[in-house]
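Order as written gives the chain letters A, B, C and D; numbering starts at 1 within each chain.
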């Protein structure tokens, strides 16, 4: 039998302006668990239902944004096969040695036509989730704040959308679950390497390499309400929500970390299989595609990226 | 890149004692849509969020139970590769010509060491889901009864559990997401070919080839309540629920079709990836594993199979 | 023992520009049931869980808005006792004979210092709810659209807020559950004649007699999501939501009928008893008081009234 | 205007076998807050959304059960008026001086024809709820366990049901919201002094003065699931649930405190008004009346009382 090469989004490295504030945000409010820090001052975090050692890396810097997003692949063989693929596709490719990120094996870094940095890696140390692997409880009780289950996906804004979709479909084996078209012109692409509605999404944008948001999974619409309530109680900067997306059907709320990086927590979302047709949204339905209830885009959502 | 061969559970063929009653049950109460019938008298049904022409086939017979369960594979090449695998494994294999089931391409049928019949197929006609592929609504309004989203998995009771797990893991590429162990002795196996907690599950049993239940996906715990309410209003035979499973964390209710075949509708459930550790339940926790709240098994659940 | 005189908001009479469109809105989308019409062309509606013959009366007119809101009182004795009270308070009082509204007994109409018309009545014909009074089902299956359970309250904008609060507290026996204060100056008052967080609410406004919204009860936050989804599917004019109020804690969504009258559907909300302290919101928290998540008021909500 | 005399169930005094275990149960699992203890060793507790100083009093004793249930009345005048009523009705009446229970004013105690002890009182010290009265948050974050909102009602088993219903209706001003009839013979009575579906309920029983359960309010079906999950995690003794009642429509789960006293937490439930018809359940529907989904009574529920 054959198996899939790319397993899932494994980590996102986010630049923050003030590390203490950022750690407080991602732990106390989003509910991630701090699992390590390194001598560069980077902080490692994971969500309660993830097994690997980290899924978010925070780095203090002068400007917010995303350094890179990493995907875990099934094994070293797949890692090198995909490395060759992205190189042949024309990406600039770089190997980063095991241990440059604590607990993480060798990484293959490449740039995308949208101007972002991505990584592939086959190994990360096992930390374990909060329920364990023998007779686990079916829920967690003591996770903080929104208690995000896992890092789920990123939405990135960038320039050469068509070629990036080609890269993710043809080289990395993702499927195009949903797309936004202006006539024949591709505006947005929602790509899956799993049964999720998206593992990575791109929106066409004038500037390359921009970061729209990192998204974290919740289980229910009640959880989205609780996230909204917490946003208010702790006076976090809200973007929009609670609402639903037309694209993916996800139930969602957006807010900002103290550095201005957008976060999403969401629940639900349709199931995707590789033989499913691509769902197409036309620009006259763009408002409804993005914010299903308001049916109009807010300028914030379109323009504020880091 | 490499891709997964087995996509998902694609259909289950169920024997019913009275076709009219069965069709009423699966359409009015479970909320499936009748999409066809054939000259053998078989009736074809699908759930509202499935694209393929059918996922349930009903056949009138003298005894209830499952005729076979079919998995969709990615393409013909995978079909034949897997056919060779199951033959080499020692299964009895049979090809069934395209069209024997309406709208379905060639099928490869084989028997499992638990005494069940399984099928693989690469092609089924596209019917489309109820929301469509261009600017779809994010929900459906007019689906009947429990409005099950999709056929999700089966739980089967049978004899040679160890060899069947070997077959599904080594030949078909499934992962063992969760298992029940009595010491070293395998009692139950929950296997995934996706990111779901299970696509097929087996419990060890004295008799081969028994059918415990076919399960259908709902989105929320509120949907499980509504299913429970409908079961009561229409006086369907309930087995147990609403409750939660320890295994998979799913929120669930069990009931019987008019022929005595068990159905499940459920929501939630943990996410599985091929690099996740297998979760182990020990027999002293078996009650909690199956029914997380009652923490004891009812005899019905253990013994009533078709 | 003593009993309460005013039972509940019993009806609201709303002016609409086009009766056919309005009836479609209030039945197909809000989910009310049309129970009658009269020779003046007025249409009578009720929600599925109400027993009395109607709770909404629609009247075609040149301008939208509220004609009057009626409260059911416990008996004729209470009706006349309260009539005397409102007359002594200084209201203009008028008796309207039994049958002027179909199925409704004699009404005592009076004006409030905010410039609105209110009514009291002791008798309305029994229609029955949709589940019945003998061995009822615990839910309804075939109610349309948002399936509002009952007419719940109105929010009215008007001039002399202090005197109106005096009228409702001292004469009609309501309690002041929550208030908005600008220093000592009363901006908003939420009054209850039950265990609900409000049965009538007022906001101070330059113009007398304005109608902000009529509100209808749903059971859950899931129901609010479904309402939001329906608003989008049927392209109804949304105001804001889904969100939560700080005031009353209610989970809510606002939208407009085709004539521009605002509707609310909501779930939850705190419980009120006559010995509870009045909750006070200060104007620096007004945004959070009204829209708990966004923490800022939209101009629409403040200014668009009918 | 006239006002209601009896406001609500204000406290229940429960006998427990081991105070430490009991306090752990009612605080850590049910989520009540310990607010005091007295020199008799009694412990006082309240729920997070209650304002008065306590709603549960625990007393260590040799046998579990209920000592008495108290109702708060509107004022002293009502207290003495009702005292005279219950005396004239034929109850044995006793005044208990202010301060016999900490923070509680004078109480009027009387026995009911079902063999239970009830109390009326007009004053209890104000403790405040967990959100406060100025610009309160709309939710609480740090309440433990099931985080019950309030003590809601009791179900009591006893002998002379008809006379007790007479007492609560005619003397105390309750309404009979729902009843269970065996022909003309009253089996169960659900009585309301508010807009809730019940504030006190009785089931006919051979023995007088038995305690079936004390019930506490949750907001949602999700909260009931969480309660069920906690019951399992902490290995509390479950009775039945999660499920729904036909009577009142409430969504519910039952479990036992360490002394064997039954607790309920529930959400939802229909709204009651004094002009609503009494809903009647006939004994052939008794299973569905009590447990809407299973449609059959378990012996536990019928026979295990304290």
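Keep this in mind: contacts are C-beta pairs under 8 Å (C-beta built on N, C-alpha and C of every residue); 3 or more make two chains touch, one makes a residue touch a chain.
Keep in mind that this is a model prediction, so the values were computed, not measured.
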Message: Please tell me whether the contact surfaces of chain B and chain C are same or different in residue numbering, using the over-half criterion.
response: same
Query: If every chain is reduced to the average of its C-alpha atoms, which one ends up farthest from chain C?
result: B
- request: For chain A and chain B, let me know how many angstrom lie between their CA-based centres, rounded off.
  value: 31
Message: With centres defined as the mean C-alpha position, give me the chain B-chain C separation in Å.
response: 48
- prompt: Whole-Å distance, chain A centre to chain C centre, using C-alpha means?
  reply: 44
- request: Name the residues of chain D that each touch 2 or more other chains.
  value: 137-139, 220-222, 229, 232, 244, 288, 292
Query: Which residues of chain B touch chain C in the complex?
result: 137-139, 141, 220, 222, 226, 229-230, 232-233
Statement: The residues of chain D that touch chain C in their complex are 1-8, 49, 51, 72, 74, 78, 81-82, 85, 126, 133-139, 149-150, 171-173, 194-196, 219-221, 244-246, 249, 268, 270-271, 273-282, 285, 288-289, 292
Touching residues on chain B, where the partner in the complex is chain D: 221-222, 225, 228-229, 231-232, 235, 238, 241-244, 251, 253, 288, 292-295
